[in-house]
């Protein structure tokens, strides 16, 4: 790994002037991200919202090292990102559990790759099975799980690897709203135990405010950060925080921001 | 069609004591719907919410005539439902546009089956293309559309047939929240013009209150109607109705109802 | 509506599922009809015995050959040829197919020759095989390999190419190296498709048996059918064909069951 | 990281896309390698000329036959056999396959014989076909039909069975009768898959040409290759095989292009 | 009337092409259609189903197919192989006796097998004494030249090729066994009964063609080259190949096949064939001479 140690770096994640351009079929270039910069301190829960196609997923993929920026650089824990690695765990929007492995084996996957001895592996897996309340389903295959359960396994699988940062790309996007609500609560609880730095992408403004310490609102064409909004709500956030006036005010602010984003996909 | 004319029937849709049982692989029976009754008057916008698996889709499919109840009967406009027909239009959760037809041809599909002459067809299609703001996309194929646009075509397609009742099964479930919000507004506008009876299934409580005249809250195992909640909000509902105290109170009521539904799918 | 007419209606309804007994009954009926047609044609004297043996003739031929143990010997010889050829072909095609499906460059290199060769007539290669390979078991095996290898290669590489890129990305973020991806992700993910491929292609392998045994075979089902042609012993020809067909069905079912057992995790 | 080593890395990365030029270059290289290997083996004298003709020999044989117009005649005769057989087979298999895929009962009735017959060796049927059908064009065509019909049937019915049930349901709610569903929904929806089936099976049809022309042809590529075996005219054998392969590739490409043109609406 | 005759690619059937192309059949009101089918089981199947009215083939070959249900008879002899068939062996196998225990590539159900078993019998051996490798005569030549088998029974042009490429020796050829490998034209019994005039025209046309071939060898070679094609598509090759066969005119046919009630020496070939196939096919063959040969149409030479 072409790692450049920058010991002095203060934040866990630094995105510095990152641009991403794709060649278009007609020979031009499409600017998916345009000079995006952001810094996420250790243990912060950062949320990115923005219209479809504004480059949210692209940014996470770059951070994960699954793609390379055309310009700029991304630094995680002082190391410049050049390739994917287990220090940056990711939970994807689609279901990406390995269907041929049981829940336990899925969570174990990264630990095995690392060569962790079986006894220790079992311990770690059991811990995260409990965290996501799936102990009774340890030996089920993914096809026997509901959508919410699958995403819980995906979260446990990413966390079991003890990453320095957890990247989540609309992990609850495909779930129904009740299940989604339960999952948000579960994620908050797990996060408070694990104390990880999280970058969470969502379309759902309620979700963004409920979960985040800070919300980055992006705009499309080209993908840019339009506004950074700190969420001053105290943690742990109560069950009915969504009905609190500060919450509603924040929501209105973000809704307005997104509404007057003129770059709509649909006319 | 084994139609029994019950001229005296007061409501547009009457679901009378309907039960639906599926045989299970182990030889038993699974009760998807248990003695469900409801009445939807003409031009009402009825919404059904409930946990996953409580039988919402099953109830719509029965109403559409795509399946037959094990017990009870469903009556639409005084006619007992025995098979599917164009008088009950339906919009599905998945994308069900015919991919080999353009937007225009999709909307025209039902009219053609009915043998409407081309000139008249064109007129109807143009009207609904305008209603869902898709005139510029009339000659596009579905694969060239975004998810929101596809569902708008599906709505136009169902309405063009001039059904007596419009059944909608989580039509916006797969859309991101901004697009979803636009779609809800569009649906309200179209509904106010078309003055149709609607039965709308959703998971999203905000959506239910925003759209509905009346919300049926269902419970699972067996699928039953647990509560009927009238929505007293005036129409047309303002942009920020979601932040209104009545709205929030209704939302809390429904959230609580669903929360203490002990029949959870996930533990 | 009476219950009989309802069943009739279901049978006439596109995509309607039918109860298991009805399906099994229809399958049995279909075998009976085939047997009946055969009896009618042969015993009814519509087709002279020289052109079409009676079922009893074929059974008698089978009995004759079974009595002196040669039938088993022929079956054994053919099974050896098919299984050895199929095993060698699969052992080469599966890894190579996985490489083709995984690496665009390997695919680009192999696609042209493979797509050309797989449309060549195996029969024409028999004299060339004699020149190049000889007349032993190797030659017969080579015919089977030539018949199935290229088809397998294309099918396996399609299967592997169809594995979701998300699974691969997920494995990277869990610490997989490039090498691991093939072994721990693409391989297991392709397994169900690979078994399906094997199932289809082993059926094809049987169809090449007669060509394989054109040369220097002294036993085998293809050999006896060729020999029976000289003298127009239609009963033996039928016997050989029927046994080949049954063995084909048998191996097909073996792979079907294997697929179900080994890939219980797949939907 | 240098740009060369980055390209090398991409080549070695599973599922990484490569630029078009590189892919085309690799394909060209692969043809060149094949030609080179052939030249090395034949001109290098590693394999005697009796067993392997030189490229020039094959071209000369082609020239010889082309000069007196017989090559074209042979090609014409073979094209007639293949195309007539393929057309008849497709004309039967496509509607029947659609019925099989649409109606569970038809499938249950046809599955057993089809699955049995499609594993039978065509070669063994040649004498039977002569007895039953004769030695004219019909017999040759029958061999082609026997070779592809059952495969087509299975593939088309799989395609039709794969059409989403939702599309069918949607069409019912738009006023389709059962009859309409086949014509207006299952048929068009199956079209891309049917064209793919035709593309693959026309390739197979070519491989049966030599078996088809075993009998009573006075011209045809299979016929000249059979005749060339007497006297070991390897150059003519190679020529015939190569022309068959090229015609196979050609028809394959025709269907590929047809698929793209006709089904531009499919993804 | 019309007679359709199936045959393989073999110079011995040349007279049929000569007679057809020179119009000898036409003159007698007969239309002869000649169809090439390289595999005997296939042209016999075609005759059985009535799609062909007859075949040109060796008499031992067709004997296997004769049954009460499938009635056909030979009406004339065309030629005998006189060097056209041969046994090729690797160095070190210098007599038929040396074949004992060796692998021999031979087409099991064909004239090659019949002839080999005749040769073995002459040498005091049987089919059981050798190891039969079943394949077509052409494949046998390939296998032999590729060094896969020490011996093979095959025919022209493979024999010449073996000599040219010095891939081995021709141990025996059919010159040594006159009257054993005999080509005849066989017709379905119902055709013989219904179209006696056509059969007569056939016999006479062939008789004339044989005479023409004797008188005009170069022209005949051209006609045959055009008609037979394949490896014989050049007249030179045909002339060369013609050296390996001896043609029968009607008198020759009579000499070989005899007259009604008076069987000729062909009777011995038929009994030998019955014997040979009984051993090889493991099933009793006892086809009577009169069931296989019909000499009514052969007029003794005046």
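Going in written order, the chains are labelled A, B, C, D and E, and every chain counts its residues from 1.
Operating definition for what follows: a contact is a pair of C-beta atoms (placed from the backbone, for glycine too) under 8 Å apart; a residue touches a chain by one contact, two chains touch by 3 or more.
These figures come from a predicted structure and were not determined experimentally.
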item	value
Common touching chains of subunit C and subunit A	none
Whole-Å gap between the CA centroids of subunit C and subunit D	18
Distance from subunit D to subunit B - Cα centre to Cα centre, in angstrom	47
Interchain centroid distance [CA atoms averaged], subunit A/subunit E, Å	84
Interface hub residues of subunit C, defined as touching at least two other chains	50-51, 127, 131-132, 229, 232
Residues of subunit E engaged with two or more neighbouring chains	41-42, 45, 48-49, 136, 138-139, 142, 145-146
Two or more partner chains touched - positions in subunit B	none
Pairwise chain contacts under the document criterion	A-B, A-C, B-D, C-D, C-E, D-E
Contacting residues of subunit C [partner subunit A, same complex]	164, 166-167, 169-176, 180, 184-185, 188-189, 191, 263-267
Touching residues on subunit D, where the partner in the complex is subunit E	50-51, 126-128, 130-132, 134-136, 214-216, 218, 226-233
Touching residues on subunit A, where the partner in the complex is subunit B	51-52, 133, 136, 146, 148-149, 173-174, 176-179, 182, 203-205, 240, 243, 248, 251-252, 258, 265-267
Of subunit E, residues touching subunit D in the complex	6, 9, 35-39, 41-42, 45-46, 48-49, 51-52, 136, 138-139, 141-142, 145-146, 157-158, 161, 165, 229-231
Residues of subunit C that touch subunit D when the two form their complex	11-18, 22-24, 26-27, 29-31, 34, 47, 50-51, 102-105, 108-113, 115-125, 127-128, 131-132, 163, 165, 168, 178, 181-182, 186, 203-204, 206-211, 222, 225, 229, 232, 234, 237, 240-241, 244-246, 248-249, 252
